[in-house]
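What follows is a group of structures, each given as structure tokens.
Paired with subunit B in one complex and with subunit C in the other, subunit A is shared by the two complexes that follow.
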Partner chain A sequence: MKQEHIGDVLVITLPARLDAAALADVEPVFNAIINAHQGKVLVDMAEVGFAASLALRMLLMGLKSAQPLGGDVRLCSLQPPVAEIFRKSRFDTLFKIYPDRAAGLASYAG
Partner chain B sequence: MLERMRTLGLFGRTNDARLAELAAQLPEQRLAAGDVLFVQGAPGYTCYMVLSGELEAVAHQGDFAQRLEVCLPGRIIGEMALIDGSPRSATVRALADSSVAVFDERAFTELMLSSPELTLDLLRGSTARLRRTSQLMIDDLAAKHAELARAYADLEAAQAERVRLVRLEEELAVARRIQSLFLPRTIAQPPGWQIAAVNRGAHEVGGDFFDCIPLDGGRLGLVIADACGKGVPAALFVALTRSLVRASSQAPRMFRHEHEAGADALLADTLRFANEYIATEHGASSMFITLFYAVLTPASGELSFVNAGHNSPMLLGPGGVLRAELESSALPIGIVPGQAFEVGHARLAPGDTLVCFTDGITEAMNAGNELFGEPRLLAALRAHAGLPAAALIDRVIAEVEVHAGGAPQSDDLTLLVVRREAA
Partner chain C sequence: MHQSIEVVANDAGLMELMRFVDDVERYFSLEHEQEYLLRLSIEEIATNIMKYSYSGPASGPIRVECDATNGVLQVRICDCGAPFDPNDAPRPDLTADLAHRPVGGLGLFLVRELSDELRYHHDPATRWNELTIVKRPEAGDA
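Moving on to the complex of A and B:
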């Protein structure tokens, strides 16, 4: 998992496999940096090829902790299988999702 | 022999004539490496003086063997048995080709009488050896005692851990038994229909469930659901959701309402109630559960359903041809309070089959991280379309297992098949 600040946006790049075993390591770090940032977050999912339901829960918790403070968690660059998981679970209605990082960053600039 | 005896320090103070006389009357015994001179416990009537080579003295105590010393030329061996008539206190074996002079009791006595200095040397040597042997035994015993104490402490810790694990396992076994009661004990089989289901957990307790709820007017409530995550946290949400959905579905009948609730109203009310309860009472946990709930009217084959974020059940025509996927129209249960649930409609004609599944089926992975996937599921359903519902389930599970290739099942598997028999 990589994190970088681009302007006032915290960009988090998630690793390729978000299964239960990987999330045991990823989730505490993900939660901690979102809580510390308290603002605009863009999660770049370009590398993610598989996302278990616990990964959706992690993103949902991020959203719930960011939004009350005026922040947001937006997503970009979903690979087709992951986009399908979001569509089937209707998680695509919870998050603003952009085709690539530039579009995601632009959405915060407006 | 005389020459060799002369080189030994032991005879430094014995005069030559005497030594020659002694040497002349002593037999010599040769031993090859590995030969035993005498065995511990045997009676002893002779003692020996090492002339060449080397021998070891080993004391045996039960299963333990303790090397007492290595005897080099000049050492007298086995004199204790001659002095006090006791059996041999150790076994002596040649380590290399060796030779020893053999003293019987008379020769030994003569040897000692011939030289008070030699006797005193022998006595000093014996005393030192006794002390050393006792000390070796004591050190050895102390070391063994410490080892035993450590082993005992390890054993105690392991035993405590085992007791803890056994208790946990027992608790999980109880939880598993209780959870199995959250599945329907029997599945209704209306005339002309086959309904079968399987729920196989990857862990002691599972995060999936199915249900088949008898409703008014001969209708059936068919449920399949998958709580996010697995193991105990997911199992608690399964228990909660199953109870809310079943109780809410049966409430109109329980409370003797006069009118049979329409399928759409029953679905919308049940989903709204369960979602509201979980999202508000358990929102802090951010857990959610995907759920597909259909009300089937067996007489007509009419199906009303709500899909809350669950994998789309497949509606197959005769021959296993995919006719429709009953897609999700809402988020999973437990996320957004006050969410509305849109009711969809379908109809099972004779020969049609509805297949509901959880992602444990489609996301079963092989060693190359390749998912079983919907295309393989559809192919399996088509290949075995002629089988009765229960046998079809067995075939699909078997194909998932073949795909996984013996990899441990990582997620719960649940499959619910509803077949309207061909007319």
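Moving on to the complex of A and C:
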């Protein structure tokens, strides 16, 4: 997992496989940096080829913790199989999702 | 092509199952959607077994068998914990807003959505539960 600050946006790049094994490492760090940032977050999913329900839960928890503090968690660059999981679970109605990083960053600039 | 494994239903067992999925992907020629469902179903169902089927202090075995014949992927996941037919599980409320959106039940829902068939069988004599998940190849490929 990579994190970088672009302006006032925290961009988090998630690893290729978000299964139970990976999430044991990723989830505590993800939660900690979102809680510490308390602002605009863009999660770049370009590398994510697999996401299980635990990954959806992690993102949902991130959104729930960011929004009351005036922040947001937006997503970009979902690969087709992961986008399908978001559609089927209707998580695409909970998150603002952008086709690429530039569009995601632009959404915060407006 | 047939591969099987038996692990103890705990975190170490789940990691073993994830490595088993890597092997199955390597040896089977599966379509992308079948590979996705293979990994998803083993993770979600094994996690549910650990949480609900063996909910007491004692764990037990999880047995997974994968078979690909004529392009049809069949994943059989067995345990001898509490009987539970996933087909009887209520659908999670996917229309709830953020504050009320449930996170439980989502894994099983996704497995049901992505598979072509979900068959459950409980053998009262041996007390094994057997869940079979089927994913056929895309139309025209078979």
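Here, the second predicted complex is superposed on the first by the 110 of 110 C-alpha atoms of A that agree within 3 Å, B and C clash if a C-alpha of one lies under 4 Å from a C-alpha of the other, contacts with A are read in each partner's own complex, and residues count from 1 in each chain.
In the analysis below, a residue touches a chain if its C-beta (ideal position, glycine included) is under 8 Å from a C-beta of that chain, and two chains touch if they have at least 3 such contacts.
As the structure is a prediction and not an experimental result, all values here were calculated from the model.
*Asks:* Will subunit C clash with subunit B on subunit A after the two structures are superposed, or do they fit?
*Replies:* Because the two structures are overlaid on the shared chain, the partners are seen to clash.
*Asks:* If you stack the two complexes on chain A, which partner ends up touching A:Ala102: first (subunit B), second (subunit C), both, or neither?
*Replies:* In the superposition, A:Ala102 contacts neither subunit B nor subunit C.
*Asks:* For A:Ala20, decide between first (touching subunit B), second (touching subunit C), both and neither.
*Replies:* both
*Asks:* Where does A:Ala32 make contact in the superposed view: on subunit B (first), on subunit C (second), on both, or on neither?
*Replies:* neither
*Asks:* Pick one for A:Gln67: touches subunit B only (first), subunit C only (second), both, or neither.
*Replies:* In the superposition, A:Gln67 touches subunit C alone.
*Asks:* Can you pull the subunit A residues that subunit B and subunit C both touch?
*Replies:* Common interface on subunit A, subunit B vs subunit C: 19-20, 50, 52-54, 56-57, 60-61, 64, 88-90, 94.
*Asks:* For subunit B, which residues count as touching subunit A in their complex?
*Replies:* 226, 228-230, 286-288, 290, 309-312, 327-332, 335-336, 359, 363, 369, 371, 410
*Asks:* For a test of understanding, state which residues of subunit C touch subunit A in their complex under the given definition.
*Replies:* 11, 14-15, 18, 32-33, 36, 39-40, 43-44, 47, 94-95, 98-99, 101, 103, 106-107, 109-110, 113-114
*Asks:* What residues on subunit A touch subunit C, complex-wise?
*Replies:* Touch residues, subunit A against subunit C: 19-21, 24, 50, 52-54, 56-57, 60-61, 63-64, 67, 81, 85, 88-90, 94.
*Asks:* Help me check something: in the complex, which residues belonging to subunit A touch subunit B?
*Replies:* Touch list, subunit A to subunit B: 17, 19-20, 50, 52-54, 56-57, 60-61, 64, 88-91, 93-94.
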